[in-house]
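Would you mind keeping the following structure in view while I ask a few things?
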Amino acid sequence: MANSETPLLDDLEKGPWPSFVKDMKQAAVKKESARALLGQLEQSFVDNIGHWKHGGIVGVKGYGAGVIGRYSDIPDKFPGVEHFHTMRVNMPAGWFYTTKALRAVCDVWDKHGSGLTNFHGATGDIILLGTSTDHLQPCFDDLAEIGFDLGGSGSAMRTPSACVGPARCEWACFDSLNLLRTVTRTFQGQMHRPMFPYKIKIKISACPNDCVASIARADISVIGTWRGNIQIDQTEVLACAKTMNIQTEVVDLCPTKCMSWDGKALTIDDKECNRCMHCINLMPKALRQAKERGATILVGSKAPIVHGALLSSVVIPFMKMDPPYDEFIEFVNKTFEYWDENGKMRERLGELINRLGMGKFLKAVGLKPLPQMIKRPRANPYYFWREGI
Amino acid sequence: MATRTDFGPPDYETMLPPIIKKNYGMWKYHERVKPGLLKHVAESGDELYTIRVGSARLLSTDHVREICDVAEKFCGGYVRFTSRHNIEFLVSEKKNVDPLIADLNKRGWPIGGTGHSITNIVHTQGWIHCHTPATDASGIVKAVMDELYDYFGSWKLPGYCRISLACCLNMCGAVHCSDIAILGIHRTVPKLNHEIIRTKCEIPNVIAACPTGAIRPDPANKSVIVNEDRCMYCGNCYTMCPGMPVADPVGGGVSIWVGGKVSNTRSGPAFSRLVIPFLPNTPPRWPETVAAVKNIVEVWAKHARKHERMGEWIERIGWERFFEIAGIPFAEQIIDDFTLASETYRTTAAFKW
Amino acid sequence: MPFLDYKGTQLEVDEDGFIADPALWNEDLAKFIAETQEDIKDLTPDHWKLIYYLSKYYKDFGIAPMIRKVCKDTGFELKYIYELFPSGPAKGACKVAGLPKPTGCV
Amino acid sequence: MATRTDFGPPDYETMLPPIIKKNYGMWKYHERVKPGLLKHVAESGDELYTIRVGSARLLSTDHVREICDVAEKFCGGYVRFTSRHNIEFLVSEKKNVDPLIADLNKRGWPIGGTGHSITNIVHTQGWIHCHTPATDASGIVKAVMDELYDYFGSWKLPGYCRISLACCLNMCGAVHCSDIAILGIHRTVPKLNHEIIRTKCEIPNVIAACPTGAIRPDPANKSVIVNEDRCMYCGNCYTMCPGMPVADPVGGGVSIWVGGKVSNTRSGPAFSRLVIPFLPNTPPRWPETVAAVKNIVEVWAKHARKHERMGEWIERIGWERFFEIAGIPFAEQIIDDFTLASETYRTTAAFKW
Amino acid sequence: MANSETPLLDDLEKGPWPSFVKDMKQAAVKKESARALLGQLEQSFVDNIGHWKHGGIVGVKGYGAGVIGRYSDIPDKFPGVEHFHTMRVNMPAGWFYTTKALRAVCDVWDKHGSGLTNFHGATGDIILLGTSTDHLQPCFDDLAEIGFDLGGSGSAMRTPSACVGPARCEWACFDSLNLLRTVTRTFQGQMHRPMFPYKIKIKISACPNDCVASIARADISVIGTWRGNIQIDQTEVLACAKTMNIQTEVVDLCPTKCMSWDGKALTIDDKECNRCMHCINLMPKALRQAKERGATILVGSKAPIVHGALLSSVVIPFMKMDPPYDEFIEFVNKTFEYWDENGKMRERLGELINRLGMGKFLKAVGLKPLPQMIKRPRANPYYFWREGI
Amino acid sequence: MPFLDYKGTQLEVDEDGFIADPALWNEDLAKFIAETQEDIKDLTPDHWKLIYYLSKYYKDFGIAPMIRKVCKDTGFELKYIYELFPSGPAKGACKVAGLPKPTGCV
């Protein structure tokens, strides 16, 4: 290109970090829509504003979810993106792929779409970025052919996700991928056919490091944990001591100050440990979680719309997490039920709990109040006395 | 044809490399060999090497095929992506590690993102695909990562530093809990198109969508009235109603938030907090935003103790001191006035000058 | 905005096939939209039950009902609604019933 | 007669003993000689001894005169009271200290309340004079102080422990920021007397008074309707309207709150938090309440580190551990459900079993 | 009394702590109303309920405040307390008295009231506990005679109070009693004639120990503080070291960890000190506050009615506090003005600030936003952009 | 409840002298209350201005006005109101104007 049509974007081809502009150009070689997208994006860079119309509601037959409709607001200029819907394709648990599967997805997308993708969307789906209305159904049919189903969107359960867990991590307190598969399969209907007051998300991390950020962005957060004593291999501790300062890096940073180190042995007062993972993270060879493992269930996190962002909070301090996960599935069902019955339009679970009170939620899902559910007790004297006097 | 539905995603078990299948759930420990290279050792003694490669996330199918090429050459045809959208090549034979690295270097694909590095910036659609952005996503991310590139492939930082970007207040992703969050914000009230509001919008839902109660019905016009003094441009009404766009070339821009985290380590999960209410949209490289992020990273790197994350450091020294050290002017917007504001006020006479 | 040829007049619809002016809606138009936009040749009594329910609800409250309410009030299971309107209650039934295009999170 | 008004209280300068006038603003340091006895040393070298004496606060004029007798005998006719309603005898001559103490001992007036002791319980009117109490004030205070008496005149505790009592949710005093707070609570909804509401109450104000929005107007009856499910018996409507009494012999009782503080030392000011939602009114000695308070004091005394106040100790060990150590059963009321509730939830997976 | 009429109360005459029942009986010897009070209280102990009617609104001429009306709900049984109003009498600053003044108050009260008092009320007033309507004016007239004025009540400024301060405390960073006198005199009108949306309180502590709990229960809290370096007398430090463990008791408990102690000298990094007072409290001979002194002004604390209890929060990090205190008085006036203009009925200052935003308050009283005003920045993205773009 | 002898009938008032049934209020009663309860022999036009203002405000809004409003709307300074009604706007003027007894914090 002698005189580039995208001088601003071209600048972003430079620099060491992988350039999305390069990928767009790569796709643009084959695909008119990708070419149009490049042009419209350049236009946005010039105008300092996006060029998509509001909303768009399209889909495939039998599903209410999985496709995000999108139309250009300057279709005359960029007819290639007049329609430019994305498809959310449910990823395999843990984002593991055979290249065969990946190539199959690429082939389908070259056939039906822009040739542009996101690996992955923030919720975890494969995002197939941009196709036209008439291609949606055929594309889905072809995806089905190669074994890929759509993910969630709209007022539905969203595509759940899980950390890599036991597939490659020694800290997995339960099988996050297996649980994810069970959850995904159990709630296919709730994912594909929006029926709730709003979106609802489940994310699964197999230990408190929370590598899928479940505590920050899942209405139901599952976080692996353990009971009992951290297993200490004192020989390995001594080995660690050669390369790090156990006192300042580990012991002093323990939030509960339940560790001590005398230069020879490391001691943990496990009763006071809150399982933050800090020490284990720093000494993976020397320390291992206790053998009794399971998960803490927390609920309610979300982004700020409408009442402000929330973190999830503990409702089940410890749940065994073994297949077939009936206890967890039952909890999810009860939670859906309560939220669906009581939630207002566009009210997330956390907001509902804040509006009606944690106590009501606990009662509805059959949990009894425990001190582990709170950081600290209430400071206001405005409490009910429901049991009668 | 009766379309097949509800069959779900491919079973992950079909996607796992043999070494993982064999040692599934039986990993013993891991080592961080060098930036971007992890070694996981199983109870069986098997060793799995993971090479993490930075990704722009927005990939062409050809690029994906290229990833497949590499995976087929070195990893038996298996590859994975991370929760922060990096690519992970899983190598079961040690001898393949160096050749793979060499191959990746040749391609110019960055290796890193593990341990105390700056890993990929989780981000969103921006002008690429969304209808409510106040700024772009991919463009800023590219500009910032170019500038912070050295931190991706090295371990020069005191601790984890997770950067995220969302292009509007909907905050897709977890910017609300990131060490540094780049967040698109609007600064203009919705421009009302009453005709559209009348015909296309569910007025009660539009009213309920406003966090500050700025919208009230205008039954005479079958439309709504916005109390401009109460509107803080969240754009939530626009989400509900095409007749109320908030995007504006001058009004839109970027805000910077710091100190959030997700992991339960030490201090536990925390929200990111506003430190710079507005920086302009200056494509293609958003120099003000890039400079602000870099400054914060480096101020933290210089002052924090080992393993201390952004928020932990700031909470230790106090926010008043952070503004001073970082050379960031204090702005009125930083003082909260939403529903939990009183929790953020300084309810003690103990503070630093 | 695209236009549909409806009985010789040009009917304005949006990109998704929702009629631009809900005030124009009537039964006949419903049939027309069902056929042209949703590929539904025959509107059965159950289709109509849902259509009338939606249009009345919208008239009464200014919003589309939540799905749970639709199912409760019509007695239809959600799966059955997808059988009636394969693109679902929002994209399908609301469109045919002349409601404004559902917005909010997608 | 034209009444003289707005002349204000007596000038304090006329009330100060000469030693204070002389050394006003020029004190150099103080010593805690022994429980109840403070020694302040001025730049001038002058020494002022203060003997603090516990008081029931509810004093007869004859009792006040007796205090005057003592002050005249030993303190040149000067005396002061403290912000916690104790009496302070200010002695400018060291030789008077022991005789004064002997005199006080003879009268049975308790000396103490300084340093790491339990000083007077700040309290309110209760059944003595108020119209909204859920419990008595003076009665409980007497019963508790009798039981904690040894802690008043000794330094057996790890740190400050401030106990307060308020007889209803209005919380006169600073029970909301006390190490241990004894708070009267009601548990029954207002009993509506519509005739009174109609003739004597400003309905809009009554409605606005309800923290939970439980009251709505009933225009037909010119009265109000209370949504009983939403009422948490705060009694604020009764404050506004005599037609809505909440007091009830069985419903009224006591709740216990812990961990608040006021001073800016170390951790800074903090609210007291609910640990026992209800104990019955059992005059004359409220044994359940006395036992609960004593238990909390002693559990804290046993486990806390030196200088660590109740709330500092609990925040260090965690509230879940506090309930266990103190042997206090957890109750559903302890989980907040008012406006800032989300700030009290456990938003981390890190906690103790 | 062979067969006591107050068996329950009698029990409270026992035990080591001073007994209010004894005082009541003492007064009852002279005063019918005190006798009736004793009887009615016993009745309350039997019935488990108070026996006062709702409200009561009485006063003295020219004032709207200072008297709390009270009527028995069983006057037939206890005619002595049919009327039983309390008078709130403004105490001298610091609660210092000559016995002459105290005796004069007692004499007035024996003449007009029950002979029962509170030294003092929770706000700080002398509470004269119980008289009848016809005695109010004469009692006030007699109080005026001996130089005692009434305190605040109702929707007025309430009797302000201050810690003992420079009168007996080496830590006073300004003259709390003098400031209190100025405030009390300046706002006589606002105290005696309710004119505000609700009550408003000012409390003054001359250092961060806050011995009048101003941060917890004053709409305007004044707390002494300093700038610059804590003065260290190393000789005295060494003396302290003999009786205490400076490392564990002082240095380790410093919240900002800005102290160090090497067994010989104590060092403070004053720039990092937040002036919490802990170290000074523990070593009063060795450590003294810096010489530049003044006060931090905080606003908004209150008890829970209606929206929950609040602590005061910083609005002026540092103000010089020297007579005639014009800057402070001006601040109070502006604060009254803003609150009076914008406050709803029964809305305390803190609640108003929470409702309309701290920013608006700061603007109204002419203060600029500073990081010292907040514990931490906002976490929600809902902010205004008022300066225009 | 005490009673006052008002023109031969027994007028019920509460302990503080507020009439039990505000519906009975009229100008004549106002004069009577002013004299017997508040020691005010002559009600001047300014007294009446305040009385009418209060009674109208109460009728309109169901509450007594806040003092700031009283002063603003009547143009009277608070001190002057205390001259008119020495026991003040709440205890004095509201009583004479037949409003219910002010409640809330005292």
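We just call them A, B, C, D, E and F in the order they show up, numbering each chain from 1.
Operating definition for what follows: a contact is a pair of C-beta atoms (placed from the backbone, for glycine too) under 8 Å apart; a residue touches a chain by one contact, two chains touch by 3 or more.
Source: prediction; values computed, not measured.
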Chains touching both subunit A and subunit B, listed by label: C, D, E
Given subunit B and subunit E, the chains that contact each of them: A, D
Fraction-based call for subunit E against subunit A, same above half, different below: same
Of D-E and D-F, pair with higher C-beta contact tally: D-E
Between subunit C and subunit D, centroid-to-centroid distance (C-alpha), Å: 65
Separation of subunit A from subunit C, taking each centre as the mean of its C-alpha atoms, in whole Å: 33
Multi-partner residues of subunit A (each touching 2 or more other chains): 53-55, 60-63, 68, 189, 208, 210, 215, 223, 255, 275-276, 304, 308-309, 311, 345-346, 379-382
Shared-contact residues (touching 2 or more other chains) in subunit C: 63, 101, 103-105
Subunit D, residues touching no fewer than two other chains: 169, 171, 176, 205, 211, 234, 239, 242, 250, 264, 268-269, 271, 338-340, 342-343, 347-350
Each pair of chains that touches, named by its two labels: A-B, A-C, A-D, A-E, B-C, B-D, B-E, D-E, D-F, E-F
Of all residues in subunit F, those that touch subunit E in their complex: 15-16, 18, 63, 66-68, 71, 78-79, 82, 86-91, 101-106
Footprint of subunit B on subunit E - complex, ascending: 208, 210, 215, 223, 225, 227, 255-256, 271-276, 296, 298, 300-301, 310-314, 317-318, 350, 354, 356-360, 362, 369-386, 389
Complex contacts: residues of subunit E adjacent to subunit A: 304, 308-309, 379-382
Contacting residues of subunit E [partner subunit D, same complex]: 8-9, 11-12, 14-21, 23-24, 26-27, 34, 37, 41, 44-45, 47-55, 60-63, 68, 70, 84, 86, 89-103, 105-107, 109-110, 115-120, 122, 124, 129-130, 137, 140-141, 144, 147-149, 161, 163-164, 166-170, 172, 175, 177, 180-181, 184-185, 188-189, 192, 208-213, 215-217, 223, 248-249, 253-255, 275-278, 281-282, 284-285, 303-309, 311, 344-346
Residues of subunit B that touch subunit C when the two form their complex: 199-205, 239-242
